[in-house]
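Chain lettering (A, B, C and D) follows the sequence in which the chains are written, and residue indices restart at 1 in each chain.
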Amino acid sequence: MTEYTPAEMMITSSARALAGERVVFVGVGLPNIACNLARHTVAPDLELVYESGVFGSRPARLPLSIGDPTLVSGATLVCGMPDLFMYYLQGGRIEVAFLGAAQIDRFGNINTTVIGGRSPGFVGRYEQPKVRLPGSGGACEIAIHAQKVFVIMRLSPRGFVDQIDFCTSAGHLDGEPGGRAALGMPGAGPQLVVTDKAIFRFARDTGEMYLSSVHPGITAEEVQAQVGWPLKVADGLKTTVPPTVEELRLIREELDPEGAYTGKGE
Amino acid sequence: MTEYTPAEMMITSSARALAGERVVFVGVGLPNIACNLARHTVAPDLELVYESGVFGSRPARLPLSIGDPTLVSGATLVCGMPDLFMYYLQGGRIEVAFLGAAQIDRFGNINTTVIGGRSPGFVGRYEQPKVRLPGSGGACEIAIHAQKVFVIMRLSPRGFVDQIDFCTSAGHLDGEPGGRAALGMPGAGPQLVVTDKAIFRFARDTGEMYLSSVHPGITAEEVQAQVGWPLKVADGLKTTVPPTVEELRLIREELDPEGAYTGKGE
Amino acid sequence: MKIATLHDAIADHVHDGDMLAIEGFTAFICFAAAHEIIRQGRRDLVLVRMTPDLIYDQMIAAGCARKMVFSYLGNPGVGSLHCVRRAVEKGIPRPLEVEEYSHFGMVSRYMAGAADLPFFPLRSYMGADQPKVNPHIQFVESPFEGDVVAVVPPLNPDVAIIHAQRADPSGDTQIWGLLGVQKEVAFAAKRVIVVVEEIVDESVIRSDPNRTVIPGLLVDALVHEPWGAHPSYAQGYYDRDNQFYLEWDRISRDEAETQAWLDEWVYGVEDRASYLRKLEGQDPTLQQRLAPGEALSQPVNYGIYG
Amino acid sequence: MKIATLHDAIADHVHDGDMLAIEGFTAFICFAAAHEIIRQGRRDLVLVRMTPDLIYDQMIAAGCARKMVFSYLGNPGVGSLHCVRRAVEKGIPRPLEVEEYSHFGMVSRYMAGAADLPFFPLRSYMGADQPKVNPHIQFVESPFEGDVVAVVPPLNPDVAIIHAQRADPSGDTQIWGLLGVQKEVAFAAKRVIVVVEEIVDESVIRSDPNRTVIPGLLVDALVHEPWGAHPSYAQGYYDRDNQFYLEWDRISRDEAETQAWLDEWVYGVEDRASYLRKLEGQDPTLQQRLAPGEALSQPVNYGIYG
């Protein structure tokens, strides 16, 4: 079996989850490579929509940010932010979106705003945080409107917590069935969490995250040790299928030949 | 003195009222010629904004409608209707706008929707009108947002009525000072009514229309006979200054050489 | 998305009773689609359009509609829409229900529809009578400073028909000239038919992505129908046929003449190509009379980054 | 409107305490203007921008700001904004108040500001904590079906600065590439400075009126400043200088190094031309390294009608 990096494992796992999808809202880095891999493999008709307002991009190089000019040249449509958020996202045109997270809880609620802080109380913690994170960007509304949300993040006890410090982007809320619909949230919320050690999915009835597969060489116990709540495990826990030779060739030769995102053993 | 048509008188009177104005919202026909005449005479910096979304037009021929393609070619900016209504009009960028009217009352409230009807009651009259008029178009919001409104219409008893059948575009409402502001209407409302027989303005304190000047050869009594309420008359009623030789030359040779709007004695 | 004939696009996507919006503010008015709908005998349509223009005057004369939603009734630069007036004032050929807004109200309804908003706010209708006859115009108080604004609900037509200059085979559509509400109605509608003057290679569209107004993603059927907007116009392709706009004023004043015109020019021709042949038979100078000169946009450099 | 040097445009239109928006979503970021503001020693600014990026990181490090209104803090594709974090987490060089939205919330605030609406509705913030820490996020019930949506109030900066490719001498400005919220912030702001790569003849703008994003009517000062967006980019003119974005990650981690950088590259140069000379002195391949190839838009015909 070919050697592969954790990043390559995350990319191929994400790409395969895009089978049959049509319109994906994508950030740069791993999700970008995953979407392009999917287009070469399981989802040839996949349309990539970038948060910067770019549709149908054919980048001539690996884009280094969602604002890279290479995304614009040769795209089919480039629009302003009002159109992007009102008509594409809120208008329900986005099937899948990828989000990152600094903290995630068992219901897929995500924090990318602040960690910890010196002041007592919720607002005080927000105003004087220990770590100031990027904030929402479009994540808050992506989490509401995309028909499905896929999360990509590394597995760690700091990330998989019992209680997030701030809810930037709502997942399955408190797990109550129908909770999202009752608040008027059109999308189905988080469906998948891809990490460097394992893959998680969410129970349809309880909205709770469960361990769906472990990457080769990782055990469920090792995963539980990184997760801040008693983790549910799928009946018949599987081992994630590693990247195929062809997937690795596409990633290494075509999608990220300089290893900008995949070569550092991330 | 040179001969002139009533339409030419309306055009020159309207054009002169644009002295010093910068941004005018314009329809086709007489207002279009009036605005272009003003640009050649009293308001060289006048910008014409067409309801169809055209800014800074330099038409190569006399436009026959606000949707004429000659307005587009060579304009400085052409935008969609959301921009036009949200950012230009509602955003307060329009200084003067011209409106037409089928009926107008003493406070400058305008009807362009329905006349009369067989059914009793207001709604019934609307649903079964005697005459179905064009409706609002943009007039309802132009009347609210343009800093000043100029009305162009012919003088007639059917037009200048004590009670309009439907208020399509509000003027000074019931004349109560501050009434427009209290309803959140940013513009100052109707300032001028130009007709084929006389010119009217509005009293600042009462919002009521008064006869400001009569065209040469017309008396105040002749005007009152066409107006459905006891008409107030300006102290020192003036006679409208007729078109000058130069104004007529511009209209006849440059602005409407085929007499499409001015030559039929309208 | 599939490339289709106009006949098939209408047969597949426009059904009796549908709410239909053929948009294009004073330009790009797809008469070809209207005539095909008349020929196919659609009934009970709810016709939506800011400016009904001659296109809905003809459809209403043909008895296709039970209701019209609009903001300005007129034959632009000419006068009244006589068929609409006969339907509203006298119920000929059948009564027509009307639902009426100002232009900004219609624009706002399309935006709410496109953006999946429960309402769109606008500062309009204060002091006016429209809210008295239209329950869809309401007022809402702002939670910030107590300011009150009008709101209108979303408008989501069953099908929208848009005429444009060009699209690639995937339906990515570019429009230049008056943009009206074409983008908004395409996003608001459940199904979209795009009718173009030219189907071009993808590389043409990709050379100028900022000019793309409607993504192929929204388009259910793409129809290639040159001169499909006549007697309206397509910027850079042909001019408005003002002679016809004037002539319609005369024809449409009389119900019998109107029906005779429909018999000859709509029912009596098979499709748009036949209509154009017949038109050029009557007026061999048509193309020359309406062809505009060339005024090309100066190109911009998007740059090659790679 | 007047054509001005960047020095004069900033001196005339940006004052201590102003709410300032330098917009351009991940592109067209006018570093030239930011550096001039730092040099002129502006203080107590409220900095508004969806993505503060390196430009506000530098202005905050220079002590220009008392507050920031934003939706995403990051060095795009690289990591954190260390100067912003020092200000928020430790009050260095001075405390920084933050007012925070999602992207859609910021877009909506700009739209409300541009359109003079008391609020703009959006379906966002359900289930999220932002409304708990930001009283400008409220919820309103629709009068139509009882649906509840979030609303945000208008944002009307005292001054907006927009970088663009070209404008005519009257300030009619064309932009291609990522359009972000440039139009919206220009309409929302009380004063507007446009900084362009090229001032072109009016005939260039008039050859393609659909490409004009900002009318000269809104523009208080027009500045010709080639490479005014470096190390950001202007589509078709130059590429983003990713080396600098990476280098800033290193420099900005250390307060002293940050100040030394400002001394050398902002206070130590007179204007943008000097900055560029210095930059090319260090890196003679700069232009070549960042120049894009040519990918021209295919022209469209607007037609001559007359």
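Assume a contact is a pair of C-beta atoms (placed from the backbone, for glycine too) under 8 Å apart; a residue touches a chain by one contact, two chains touch by 3 or more.
What you are looking at is a predicted structure, and each value in this text was computed from that prediction instead of being measured.
Asks: Farthest chain from subunit A, comparing Cα centres?
Replies: Centroid comparison gives B as the farthest chain from subunit A.
Asks: Centroid of subunit A to centroid of subunit C, CA atoms only: how many Å?
Replies: 41
Asks: Just how far, in Å, is the C-alpha centre of subunit B from the one of subunit A?
Replies: Averaging C-alpha atoms per chain gives centres 58 Å apart.
Asks: For subunit C and subunit D, let me know how many angstrom lie between their CA-based centres, rounded off.
Replies: Measuring from centre to centre gives 38 Å for this pair.
Asks: Send over the residues of subunit A in touch with two or more other chains.
Replies: In subunit A, 54, 68-69, 72-74, 78-79, 86, 90, 186 touch at least two other chains.
Asks: In subunit D, what residues contact two or more other chains?
Replies: In subunit D, the residues touching two or more other chains are 111, 116-117, 122-123, 147, 149, 177, 179, 183, 207, 210, 235, 239, 292, 295, 302-305.
Asks: Based on which chains are in contact, what kind of graph results: line, ring, star, complete or other?
Replies: other
Asks: Pairs of chains that touch, anyone?
Replies: A-C, A-D, B-C, B-D, C-D
Asks: Write out the stretch or stretches of subunit C touching subunit A in their complex.
Replies: Per the stated touch rule, the residues are 111, 114-117, 168, 170, 172, 183, 187, 202, 205-207, 209-210, 212, 215-218, 302-306.
Asks: Quick check: in the complex, which residue numbers of subunit D touch subunit C?
Replies: Residues of subunit D touching subunit C: 116-123, 136, 138-140, 142-145, 147, 149, 151, 153, 165, 174, 176-177, 179, 204, 207-208, 210-211, 235-237, 239, 292-305.
Asks: Could you list, by residue number, the parts of subunit A that touch subunit D in their complex?
Replies: Per the touch definition, subunit A meets subunit D at residues 28-29, 51-54, 64-69, 72-74, 78-82, 85-86, 89-90, 109, 113, 122-123, 126-141, 144-145, 166-170, 173, 179-180, 183-186.
Asks: Show which residues of subunit D lie in contact with subunit A when the two form their complex.
Replies: The contact residues of subunit D facing subunit A are 25-27, 50-51, 70-74, 76-77, 80, 84-85, 88-89, 100-105, 107, 111, 122-130, 132-133, 147-149, 177-184, 233, 235, 239-240, 242, 292, 295.
Asks: Show me the residue ranges of subunit A that touch subunit C in the complex, using the header's touch definition.
Replies: Touching subunit C from subunit A are residues 23, 47, 54-56, 58-61, 68-70, 72-79, 83, 86-87, 90-93, 186.
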